[in-house]
Amino acid sequence: MKSFLIRFVGLLAVLFGITLITFTISYFAPGDKAEAIAHARYPGDFGIAPEVLQGIREEFNLDASFFSQYTHWLADVLRGDFGVSYSSRTSVWVIFVDNLGETVTLTLTSLAIGLTAAFLLSAVAVRYPNTFWDRGAVIISSIGAAMPSYWLSLLLILGVSVHLGWLPAYGTGTFAHLILPAATLAFWVMASQTRLLRTFMLEAYDQPFIETLRLRGIPEREIFSRHVLRHSFVPALTMIGLDMASLLEGAIIVELTFARSGLGSLLAGAVLARDLPVVMFLVMFFATAYVVINSVIDGVQHICDPRNLNKAKTS
Amino acid sequence: MSLSQSIRLSDSPPADPLRQFSKRVGVATLVLLGLWSLALWLTPYQPAAADFLNRLAPPSAAHWAGTDHLGRDIATRLLYGAGWSLGLSLAISLTGFVVGTVVGILAARSGPAGDFAVMRVTDSFFAFPELIAAVTFAGLFGPSTTNLVIALMVVSWMKFARLARALTLSLGDSDFITQARLNGLSNGLILWRHLLPNILPSLLVLWTNSWSRTILSVSGLSFLGFGVQPPSAEWGAMLLDGKAYMQTAPHIMIFPGLAVLLAVMVINLTGDRLRDLMAGKT
Amino acid sequence: MQQNKPLISISNLQVSVGDKQLLSDVSFDLCEGEMLCIVGESGAGKSTLVKALQGMMPAHCDRFTYARSSTEVCGAIPAGLGLAQARWVMQDPLAALNPRQSLGRSIAESLHKENLPKDKLRKRVLSALDDVELSADFYDRLPSQVSLGQAQRACLARALIAQPKLIFFDEPLSALDALVQKKIAQRMESLRRATNTTYIAVTHDLGFAAAYADKVLLLREGAVSAYQSRMAFFANPQSDYAKDLVAAAQSLGALPEAAA
């Protein structure tokens, strides 16, 4: 109970740190924020009157000190008010929700395909060690881990869209648009997870009780499905949590390369347009999601595996 | 007596595999560096020299990897690009290595309260995925090589800090460090002679991993327009150049991507080997 | 045979962590060149006693003298008191040696405080290696490049090189094979005779105690169950627990003839 409390305080401290870092970056970003807001409000108007700028500064509290601006902003965030986009003048939350779906679809599709493939590949590799399948799994996973996803995207576009003409290259919308991006990301998921799952499963096979089970005449198939899989599950879960960040990064690169709409494209567009409310929200969202997901996985892991209770103190 | 003598004679000291491996890697690195400088010296082309008569030429005897949309020799640009892609990411990951290791050791040595504080700061930074932090920073502060490097450095150290801290804590009460304390060695000496040599191999494995990831980040961000800007011959920036001519001259985008893939694979495999060696020892 | 100068004497040692009493009312005294074996089952407080004597645990006692110095202490034993000259040989030689440091350099660190010039230091280390029957080419080897017994010899050399008045042994043989155990035990014994060093050895091996100890201190649940000379302990144990223990060891044939 006490350790749970310490963890919770730690989580709050980290979330607080995230808001501070986010705000610091946006505070020190170059360029006149008032001007950025004015340009967004009055598009095409190049001679914005100084009085208008002054009005905006007062409206947005832009002349106040770092600390005062930060506390105001933090208070808004805590109330669930994430501000209004400079450029589209709609609520940041609405824009976020509009774009969330595409990214979640892409991520979950790739995760499902990639994990299934990874489980099959590593299971075959571990059941038939030192065969063609095992070596193939190792080679595929080391290529996949080193493969620049934007390059794979281009290769797929070149091969499948340009030469074969089977699927659309760029854009969002239909199921056909999803296939190539999801395949790119799924390949990475498969490669990185095969590598880990194979190691975890081999480690599980090294456990002394496996030999006991064999001597008792339990069939190999049952040993694998009931014991090895379960033993490799907990470490695999942790690694997937840690790799959430990489998965998100992969999704962003894939979205940008395939010109898909989604959070990645939203972030890149907002950054280039200096739409600070959108940028700050997205950055905070990614960081918070990462921390929360990992805390949850941490918790699940502890419930799954009481042996970790002692180790937890040192981690 | 005869027994111990025969033991002594029979096993000539087996070489330390870690030391052997680092020697081999060192030699290989020197050879590669030598070949690279030799190639830079031998190539008849300049990386930025346009030749409009030879635009988009496919690979040939004169241009081993063909030419790009300005008629520049791609093989030469790849050579120069290695300096950008590998060099920048090397500098970034080394910074993360050093800073993270120092932070991790300090956290482990600074008592529970200090440790808690330092590690929560580390966690806060760790929460920002590398690429998102870099896109945000480089985008807001203006896409440039400098801003890319700063952004990636800021988010490069946390993994090292976590690992260094964990290793330091686990070694802190080990028997040989107790012996060193009883022998009156200062904290600095214990750190230098006993702690660092034992935590460095694991950190080196992490560093190879971090270097290869950073190569992917640097070239990826440059490809997306947030990093090294064309006409610099960074591999990702070259890919960006090649994207527009993908249909007519696919070789422009094939070779830079292949270069990234190979470089990352070589570094990863080296790191894997190092990790296996350590696992075999402990 | 030996000048029986008293080396260490302690009475009513108490160790507690928090409100948990780990050791209570432990007293003993030893002369130079004597060997005390601390025996008892695991958890009885053997290792705690060794750590407390080295000032690594908060401890209190009524009286504590060491090395016929005038330092007589009542109350808390300060860290490292007078025992700075003591050395400690641990149970697992591979854990006690830095895996990335050559044996020679590990041994040399024992003389860290003496600030010797390099060539002199090397000579001392080589002669210490010779004392434990390791040849000069072990100087540059890493712990992973030698056998467990050779590593424990190096640890022994590391303790001896400082010419301490007192060496603590924490289960020095239990990680080793029987044959190696015997050779190292004999080496320990002959070096003790040669240098007149006092040994305090934690062990659960009654055979070892029966063969080499001058005195035996039996601990049980943090208290002294028996404190006798070797002969008395094995012939006429003080407590019922000691009697059972000796009888059990005898029935297993674990004791040498002389003690039985």
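Letters are used for the chains, namely A, B and C, taken in the order the chains are written, and counting of residues starts over at 1 for each.
The rule is short, and it goes like this: contacts are C-beta pairs under 8 Å (C-beta built on N, C-alpha and C of every residue); 3 or more make two chains touch, one makes a residue touch a chain.
Remember, predicted model here, so these are calculated numbers, not experimental data.
If you draw each protein chain as a dot and join the dots that touch, you get a simple line with two loose ends.
Taking the CA centroid of subunit A as reference, the farthest chain centroid is that of C.
Chains A-B form the pair with the most C-beta pairs in contact.
The chain occupying the central position, as judged from C-alpha centroids, is B.
Centroids built from CA atoms put subunit B at 22 Å from subunit A.
Distance from the subunit A centre to the subunit C centre is 56 Å, each centre being the mean of its Cα atoms. Averaging Cα coordinates per chain places subunit B and subunit C 48 Å apart. In subunit C, no residue touches two or more other chains. The residues of subunit A never reach two or more other chains; the list is empty.
For subunit B in complex with subunit C, the touching residues are 1, 3-4, 7-8, 13-14, 16, 174-176, 178-180, 182-185, 193-194, 197-198, 281.
Listing the residues of subunit A that touch subunit B in their complex gives 6, 10, 13-14, 16-18, 20-21, 25-26, 29-30, 142-143, 145-151, 154-155, 157-158, 162, 245-246, 248-249, 252-253, 256-257, 267-268, 271-272, 274, 279, 282-283, 286-288, 290-291, 314-315. Those residues of subunit B lying in contact with subunit A across their complex are 116, 120-121, 123-125, 127-133, 135-137, 139-142, 166, 169-170, 212, 216, 219-220, 223-224, 226, 236, 239, 243, 246-247, 250, 253-254, 256-257, 260-262, 264-265, 268-269, 272. Contact residues on subunit C toward subunit B in their complex (touch as defined above): 54, 80, 84, 87-88, 90, 92, 95-101, 106, 109-110, 112-113, 133, 135, 137, 140-142, 144-145, 147, 150, 158, 179, 183.
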